[in-house]
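Both of the next two complexes hold chain A, though its partner changes from chain B to chain C.
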Partner chain A sequence: MTLPVKLSPIEHGFLRDLSASGSGWRAELREDLEARGLPHRRVEEWKWSDLKTALSRVESGQVPLTVSASREPDERRAPGDDDVMAGVMPRLAAALGGDASLYRLERQDDVLSLDIEANAGTGHTLIVVDVAPGISARLDERYAVTDASLANIAILVRLGSGARLERTIEQAGSDDGVLVVTSRIELGTEAGFKQTTLGFGARLARLETHVIHPGEGAKVSLAGSYLLSGKRHLDQTTLVHHTGPNGETRELFKGAAGDRARGVFQGKIAVDRAAQKTDAEMQHRGMLLSDGAEIDAKPELEIYADDVVCAHGNALGAIDDDALFYMRQRGMSETEARALLTESFLAEPLDAITDEVRRDDLLAKLRTALEALT
Partner chain B sequence: MPAVKETIEDVKKLESDKYKYGFTTEIEQEYAPKGLDEDTVRFISAKKNEPDWMLDWRLDAYRRWTKMTEPDWAKVKYPPIDYQDAIYYAAPKTGAKYKSLDEVPKELLDTYEKLGIPLREAEVLLGVEGAEDKTAAEAREKPKVAVDAVFDSVSVATTFKAELKKAGVIFMSISEALQEYPELVRQYLGSVVPPTDNFFATLNSAVFSDGSFVYIPEGVRCPMELSTYFRMNAQGTGQFERTLIIADKGAYVSYLEGCTAPMRDEHQLHAAVVELVALDDSEIKYSTVQNWWPGDAEGKGGVYNFVTKRADCRGRNSKVSWTQVETGSAITWKYPSCVLRGDNSQGEFYSIAVTNGRQQADTGTKMIHLGKNTKSRIISKGISAGRSDQTYRGLVSIHKNATGARNFTQCDSLLIGDECGAHTVPYIEAKTPKAVLEHEATTSKLSEEQLFYARQRGLGEEAAVALLVNGFCREVIQELPMEFAVEAQSLLKVSLEGSVG
Partner chain C sequence: MLKIKNLHARVEIEDAEDKPILKGVSLEVPLGEVHAVMGPNGSGKSTLSYVMTGREGYEVTDGSVEFNGEDLTTMEPEERAARGFFLSFQYPVEIPGVPTLTFLKEAANAQRKARGEEPISAPEFMKAARENAAKLGISNDMLKRPVNVGFSGGEKKRMEIFQALMLQPKFLILDETDSGLDIDALKVVAEGVNALRAPDRGMLVITHYQRLLDYLTPDKVHILSDGRIVKSGGPELAHELEREGYDKFTGEAA
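Presenting the complex of A and B:
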């Protein structure tokens, strides 16, 4: 149904900021925004994350994001057509974020860390990371959005053939902020990409990752943990698109939602006809900690090749009463036992992080959040 | 891969002669004028001599339908349907109702005979009890199945009515039920699938022509299987049947549904609505073998099967089980669902869907858990071959008050050949920590090792594939009533014939 939508002040604000003269994707974005507005729950890909409503308390008007990077970008340039991903939010990030920051990771064991903060108005940015062929590098990101503000970030990562990138994302909890991070990862042949997320939710936070998987020995691993309290909302949406044969993908997402929080996992593995011998597996496990909490999941497979092994699993439930009973019998208080069980449940995806310091840092943050919850 | 090439060739060879139900019956028929407007709705209602409230109900639905848009979210592609280019009512001319089987024209009886539904035999076996020892003995051995035979827009015969009546079971066409039990129909019709539900259900509410009505009174276990056999015959018509089954407290019924259509070059629309109501402690088992004409290997012709099936487990401890074997139709859009309202109620969905040629199927189930300790189980087996596309689309939703709810879902897909697609789109929503949900899905191809093993033991290629596919579907076939299980197994074999090189 394409009924004309009533645009909110924030949508009017975006339209004002978009120059009317733009062509190509800029013109499409404008038309899209005018006709449909921002994503809301009637839009299939956003059915559990109503961005439009979540933004109702955010003041329109641009306030640049605070980006602290471990080093200066190698280049700043106007976003080219190749830098822009499809979708309203990443396009807005490209159109309204000013010059895109381009980082080139060219040395072995290069580490880039990005710390992005927002606390008022709406902020956008587009970041491009190129990883040179054959090297191993790291990308550590941290997002903190406080007060009623929106941070909208698009990240484009290109891995040369045989390159390895390990990416970690830490999303700090917030009651009022709205965060949208849309990333697109393009892998060269034989490349390896590993991503681990730890998220605590916000008024609405969406971490969306699209991976273009060429097959041919390339490997992708996506993992994530979330722990949500209050009325926080975290949406982790992933798409791994296998375009060539012999690719491998592993996904493991685990999360817990307490109070009146809501966790969303939408995972999709798409396998093209050419992507024979794809081996893909996706798991999501969610734990509900209290009566008002909710977890929604959509683990999706779209498969056009016959000689593949693809599987997905999803399990939702509560803490295992038997395990709780066992621990209490051993003299632990119920609170302690619950915390320990929840921690061990949520720590598993983080174990994949290779760098010990980063891993311990994230585990410690998980523990602190758990203590605050109990 | 030479096997792939062979597969393509074999699929091309898959001629329509594999579909043995593709014949047409030459019989004089009466039609509604082509097209759809309020007069069409009035025409159908008048033909059936319906009470005024029924006509108003239909007209309301029609007016609403004109303001609705066709859903486009399913993963199926078809050219726009011209709803004015179809005939919404077709019936054999000799009269819509036959008092007894003797009045039924021979052409019709022959048609059902050809389809393997011997209406006369069933009745005769019962009628001539003891007349001939042998026949009677056979009759006792063979489990009885009462059949309601629907030919295009009307029900032509219902067997074993008298015997069922003795048990208190009402089994008749919904047009008859509207005459004989209008209050019962009025109470339940549209209470599970309201006329406003969705585009196709609303269309059905406006123009439904016939279908079966079943009422099992309190405490009665229906003495035999009930079955409806749907046959589309007339050209350029759609079939819009409506089935309503009510199991009162403590009742049990097993109901079977079969469908076939002639081979035609044009597409035919089938938009049915099935409503099940299960009251306290009752159980309904609903099995379908859907074998509508799927179109030829190039996708010419075939039935568009846009069906809304829903069960309302209204009572405590009620149970509804959907079992479906889907092999036909050019396009399937169908999600038999259970609303688990009563505490401790249970819903089950067992499905085998086979697509070959150019078929497209978007099918699955919805389990809506509202009551406490409700349980649901979903086993879906999808087999895609040829150039077909198949999607499992399901929803499991656990509401806040559904404490102690439990769901287990398993969706497995099998791909045969590299030109087909298999997709899984499950939606899972949990709103209480006191529920447990598990979902598993796999997609794979027939194992070369298993095929090799079976062939080494002397089985031909196709027999080996049939054996493995049957094994893959075992959990669902087990749930089918005996006669259907046999039919389903042979259907699977026929549907996949020529799909493996």
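Presenting the complex of A and C:
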């Protein structure tokens, strides 16, 4: 028998806000929250990111998120059963975020940008993005959570067959804010999805991405860079689930943590028995910039098909002393040399961004953050 | 003028006692001259180059390194670089993600800044890069690649001399720049080095072979053995070594 958990004021607040009359997933969410509370370090998927503790300084009470989008949603509607993903956080986003915003990307080269901010209380929202078959589109997101607040966002992206979406996520650094972005990407056959994140961490930030990969010529690329300082924490968790044959996945995450910051990478690629000829590769590389920093990584492959090429790698290092001396011998100061080495290490995942303007914008943000670090 | 006086240095080894490597090296290289240092494997030649350029992990326990009247012994590597010290590494380091020209421009401007000079203009820098690359038979493609990444041993040595031509140092230390070079490349590199000879510039050339010295004709040759200069002489000393080996000198004091 497990003892009932002691609920925090924030958890009590969420329970109050969830109407007691709900049925289906809403009722499940209520029960779940009542019995187990918010995710914390004794929940396997959250073992390195204790959300419950991180929220201790956030005031209970809903404050709507500030969402600035490049255009009005095509539809606002109550979240339907199809819009809801598994997990307490995305369900809370659906249940407490009011109407979901639905965007339909139907024109070639459509660009949707979403700028989401929070600075007090707790805010939730559910966003649905549908990309029409055969269309190439872009989704640029930016999250800024300041002061002691929680922004909890669920994003559901559906790509029609042959559709292409390039998604970029910029997570602005914050000492006190808490951010949870849970995404679920559903791909049609022959679709292409490419995601690149640049994150600077928060009191706790978790960018969790689930991809349902049908194989059948569909291609997925997940990439990310992170640079963490102070006591910031960033968790990037990915799950790519190959359900059909001939699918391709590439993941490259690189990060650096200084001071007493903490980076977390959890990457899982699951390959069903039906997903023969899957070609998947996942890499995480971390760099510790100080003794007090920590990077935890868990790359995982779960493969039930026998004819696949899957690989994963994880390496943790520090600045290369030989390179450092070489650069200083040529005249660079130690600070300059460190910044250049760190920048070149972290730039690689961002180099893959197709749009030059967006790529340069993120590279410039990375450089600015590096300069501030030293 | 470079003056190394009674230099003693130890290498710091993790979880073990420091190991003395240089045991009283004294050497003078006047500006405008090229001196060669030869010596058996493990005699301390690379260590000398690292101690001269201020690498961490080496402790100078006695003696000094002076350049043009200034004591460099305790300076940071970048301070020595700004004063014109350049080391062509025995094993040049690969720096992934940093294009060669970006690297060199940052280095050149860091040196200039330290000397209180204006940064080099982009066109001026590119012009010098094109000219120097042409001298050494370095392709445009090589310049665009990250520093030393994926280069063959010989290509790396050629790039070291390219870097020297770009940075125009006042004192060069070439640590076995000739090893790994094919016969044609050796000639090209030697011509590059000769182009750097100038009345206000000195060089210390560490080598195991006569061939590079045939091109450079050093003013003096020094033999380093077990952390000491055991013999100094004219260019003929290198020939003597080539004929007779080190045995004759390693027992003998300078």
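Definition applied: the second predicted complex is superposed on the first by the 373 of 374 C-alpha atoms of A that agree within 3 Å, B and C clash if a C-alpha of one lies under 4 Å from a C-alpha of the other, contacts with A are read in each partner's own complex, and residues count from 1 in each chain.
Convention: contacts are C-beta pairs under 8 Å (C-beta built on N, C-alpha and C of every residue); 3 or more make two chains touch, one makes a residue touch a chain.
Nothing here was measured: the structure is a model prediction, and the numbers come from that model.
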| item | value |
| --- | --- |
| Chain A as common anchor, with chain B and chain C clashing or fitting | fit |
| Touched partner set for A:E302, first chain B, second chain C, both or neither | first |
| Included angle at chain A between vectors to chain C and chain B, based on C-alpha centres and rounded to the nearest 10 degrees | 80 |
| First, second, both or neither for A:R328, with chain B first and chain C second | second |
| Where chain B and chain C come nearest after superposition, their Cα distance in Å | 9 |
| Touch list for chain A against partner chain C, complex | 320-323, 325-334, 336, 340-341, 343-345, 347-348 |
| In the complex with chain A, residue positions of chain B that touch it | 69, 73, 400, 413, 415-445 |
| Complex contact set, residues of chain C against chain A | 53, 55-56, 76-78, 81-82, 85-87, 89, 92-98, 103-104, 106-108, 110-111, 114, 146, 163, 167 |
| Footprint of chain B on chain A - complex, ascending | 1, 44, 48, 273, 276, 286-291, 293-318 |
